[in-house]
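Below you will find the structure I want to go over with you.
Letters are used for the chains, namely A, B, C and D, taken in the order the chains are written, and counting of residues starts over at 1 for each.
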Amino acid sequence: MVGTNTAFDSAVIRRDFPLLAKEIDGKPLVYLDSANTSQKPNIVIDTMAKFMRESYAPINRSAYTLAANATELFENARNAVAKFINSNNSREIIFTKNATEALNLIVNSWGRANLQRGDVVLLTHMEHHANIVPWQMLQQERGIELRWVPLTSDFQLDLSSLESLLTGVKVFSFTSMSNVLGTINPVEKLCAAAHAAGALAIVDACQSVPHAPTDVQAWGADFAMFSSHKMCGPSGLGVLWGREEILQAMPPYLGGGNMISEVRLDGFTCAELPAKFEAGTPAIAEVVGLGAAVEYLSSVGMANIRQHEIATSSYVLEMLTSRFGDDITIHGPRNPELRGATFSFAFRGIHPHDLSQVLDQSNVCVRAGHHCAKPLMKIIGANATARASFYLYNTTADADALADALDSASDIF
Amino acid sequence: MVGTNTAFDSAVIRRDFPLLAKEIDGKPLVYLDSANTSQKPNIVIDTMAKFMRESYAPINRSAYTLAANATELFENARNAVAKFINSNNSREIIFTKNATEALNLIVNSWGRANLQRGDVVLLTHMEHHANIVPWQMLQQERGIELRWVPLTSDFQLDLSSLESLLTGVKVFSFTSMSNVLGTINPVEKLCAAAHAAGALAIVDACQSVPHAPTDVQAWGADFAMFSSHKMCGPSGLGVLWGREEILQAMPPYLGGGNMISEVRLDGFTCAELPAKFEAGTPAIAEVVGLGAAVEYLSSVGMANIRQHEIATSSYVLEMLTSRFGDDITIHGPRNPELRGATFSFAFRGIHPHDLSQVLDQSNVCVRAGHHCAKPLMKIIGANATARASFYLYNTTADADALADALDSASDIF
Amino acid sequence: MPGIEDLYREIILDHYRTPRNRGELPPPAVSCEGNNPLCGDDICIYLDVADGVVRDVKFSGQGCSISQSSTSMMTVAVKGKTVAEVQAFVRRFKHMMTLTEGDDEVDQSINLGDIEALQGVVKFPVRIKCATLGWNTLLEALKETQN
Amino acid sequence: MPGIEDLYREIILDHYRTPRNRGELPPPAVSCEGNNPLCGDDICIYLDVADGVVRDVKFSGQGCSISQSSTSMMTVAVKGKTVAEVQAFVRRFKHMMTLTEGDDEVDQSINLGDIEALQGVVKFPVRIKCATLGWNTLLEALKETQN
């Protein structure tokens, strides 16, 4: 149940994650790279292993009991995902290999069918490559125009000219939360603005679905996508959600088994949703594992997780500033309510790569680099940043360990 | 080592597969649907669980030790797969979500870049939908022409007019083994014929890689693809192998993170192989699991598996014919050397769906339907067949159980 | 595991062995094809509707015992009914197969007769598509008569 | 875990803090850009080759201590060498970084001098790309001088 568990304690939750119990050279692991990919709780690992040991079978295709049961477990997981984001029905849930594929699916199917030379797609300066490159590929093929919502100096989307930017736009595709800055965008407002301009609203929800309650209907979005591996679920799986009537009208994406109704030498017809967009054998055990992840997150309570991350953000921002003052530059909003617990920063001029290497000596895992957002990096004037991202299992002790390790980095450089 | 283990005993191997130990209502599970998807040995399930418990981390992106180690495990698995099929190097191994995606990748990237209206693609009448529908989609888009190699009356490819069929052909794409008939095709000969005609040779190797030694270089193929889930590996993962210089020259397929070298607001450049074709976060734990599967299969010995399946085919063909005579019709070659241990059949006029349902009462799992090969079904004059497919863990006792269950089916209909 | 006898009731096997209303109807009867993408079965329904009443209905195609017998029983049941009656009848049947979500629109008083024998199919979810194939195709055909 | 001191030797930090040959060369010197897609680092190598000899070499760009110091040391080492000598030298370096597969072509007698300090990078595989970025870019630049 979302939000009913009030006894939220990240130190207790941490015990559900076997890898976080790991000690290296006697020190605990301080995993601060969950914006990249999250660790997996026992329940997900065990559900997958148990499924492969006891219930593995083809789905959709075979009639025997083992296969019928596997199909049921698979579809139950789809239903759980649909409920988790408040989708209207589970036909709107399409399983892909990752969120990147989901974006490519939209561009290749909906985009190719609906966008012509000169049509405008609006993106933002804070997009992940997954929400840039597929559109650039369509641009090369079709000559569509890409337009960009810029940033304000406090790392928000600059919405002052949104209305004029949206003029003549066919699609507005934007992230619900920046994976670099931590900025949370006003999704409902952006969807409404898109629709007012006659544009489709696509929400790259990779960074918000794992961290806060999601209601795609309340958002008023047309499409949204996210990755299993960032939300305690298995790798090799992503989710595309789309409004049924739009998915219905779209041409197929990949061709092959499962997505067809009829195949003859001279042509084929498509299956119904969601099979239409799920060609070939799907990620059977992974979907079942994602079902367990969604149940796990729901039992913890997504509202609790969001509260925990607001508290974490407050702590991290205050602590780092009080310990390091001007020696640390955090590229992102200061208000914990307006951001997730993902912090990109520069520290005493030490190159992020070197920083992450030195932090690693204290088992502090942070990512260094461009975070798949090179245009944004250029805009914030950095070639690379270090990024510490917190999740439900991270405690204030993790934040302190980060700061201690930063201190030790100065000794070397 | 391939082929060194001479003490091959499927009854012993069976114990490596936890699900096959399962008894339902006191009867063992007779799993005869491995052409659809295979069961998983303990080593694969345990490797994945252990990886998620102890080593899970992002790959390619982060510099800390945990991530570096995960990257190494991931790339070791890629190397193992490369070696397993005798690829020239591991840059030629592209991970996809399944074999279907691999075929779509070729059609969307190579096909769109190289095929124009009127260009001819040669397929065969025994292809899986995965090797038909993507080409039909390109046909709709581009007006390419599809041509088909027909069958002989004994379920082989009719190669009598191959040379003329190949005239003017740009691509010849064919299965190494039919998933319906069991027919094994002369891959080397077909690749050579394709090349002699100036055509590319694409081998759908889904049904042979799990069952026999594979040497893509000896084949002389340009592309081959197969699925992890059919070869004791995890679901959610496929492999595309392609000759490096062809992959090099191909435009990108999906856009996003990992596949880029540079991204600016006005465009992007691609990464090197294999990253170029692996956009987004890959199936990390699944690739590691496939590495374990490949090691497992190699330790059993692919040549041993092939020998076992020839022996199984001999047994099944003789036993079924002697027990049921004309009451059973097997759609496939009679010579065990020319086929895999996959048998599609009709039995006493009982509809396959009903048959599989009744067999299920004896825990005998066979698939009923069109097996994602509707054009072939029409050609062999069946709407559907029942299909029993054997693998390394199936014993003659499984074959006997099938026959006993068939007997009981007659009591009902 | 549910017993096979729940599935293959005698009345079902009887309609399978001796299908009623098998055949075709020439135009102006409408005809409509349906298929089950999972198993490859196909069915064609021929429907003759005049003055809002189903005058005649026939079917052709190939399929398993469940799809064939279900369609056969369906043709017997709907012949002579008004279009509205047929629609309510199909809703009642699909509700038995637990396919209609809300049951507000289902008239529980409708007696399915022999067709109740198909209730056992519900225990074998993969076969529900077989049982409903002919019925869904009938709905399509009904729509065409209204064009 | 290998110790951080294997990575950050004093000579490396020295070249990082005080890079040699930083700057640009005007045409006709060729210039060539390289980047490390993993971390976003980029480097530009300026190369002046005349009569088969590297007359001058400079570099610009941003990067971590390893890529910057490695490039700095490389520029010092190659200046004045013939093109063939440079190529052999780069092969020798990449072999130390365990990147050249066969070692037939590697002249083991070449003395890398200070650059040996980078050997510790091998224990940190993710950083090998940092250490070789400047060197690979140099090879590209050399190719351009030959066009």
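Rule of thumb we're sticking to: contacts are C-beta pairs under 8 Å (C-beta built on N, C-alpha and C of every residue); 3 or more make two chains touch, one makes a residue touch a chain.
These numbers were taken from a predicted model, which means no experiment stands behind them.
> Of the chain pairs A-D and B-D, which one is connected by the greater count of C-beta contacts?
A-D is joined by more C-beta pairs in contact.
> Quick one: subunit C and subunit D, Cα centre-to-centre, how many Å?
Computed value for the inter-centroid distance: 76 Å.
> If you average the Cα atoms of subunit A and of subunit D to get two centres, how far apart are those centres in Å?
38
> Indicate the whole-number Å distance between the mean C-alpha point of subunit A and the mean C-alpha point of subunit B.
Between these chains, centre-to-centre, one finds 31 Å.
> Rounded to the nearest whole Å, what is the centre-to-centre distance of subunit B and subunit D, using the mean of the C-alpha atoms as each centre?
45
> Would you mind listing the residues of subunit C that make contact with two or more other chains?
Only 1, 38-39, 124, 127 qualify.
> For subunit B, what residues touch not just one other chain but two or more?
24, 61-63, 65, 67, 260, 262, 353, 357, 360, 368-369, 374
> Please list each pair of chains that are touching.
Applying the touch criterion to every chain pair yields A-B, A-C, A-D, B-C, B-D.
> Sort out for me which residues of subunit A touch subunit C in the complex.
60-63, 65, 67-68, 71-72, 260-262, 271, 275
> Under the touch definition given earlier, write down the residues of subunit B that touch subunit C in their complex.
Residues 24-25, 351-354, 357-358, 360-361, 368-370, 374, 377, 383-384, 412-413.
> How about subunit A: which of its residues touch subunit B in the complex?
The contact residues of subunit A facing subunit B are 18-19, 22, 24, 29, 31, 33, 36-37, 39-40, 44-46, 48-49, 52-58, 61-67, 96-101, 103-104, 107-108, 128-130, 132-137, 140, 146, 148, 227, 229, 234-238, 252, 254-260, 262-265, 267-268, 279-286, 353, 356-357, 359-360, 364-369, 372, 374-375, 378.
> Taking the touch rule as given, give the residues of subunit C at its contact with subunit A in the complex, in rising order.
1, 35, 37-39, 124-127
> Subunit B touches which residues of subunit C in the complex?
Checking each residue of subunit C against subunit B gives 1, 3-4, 7-8, 13, 38-42, 62-66, 124, 127, 130.
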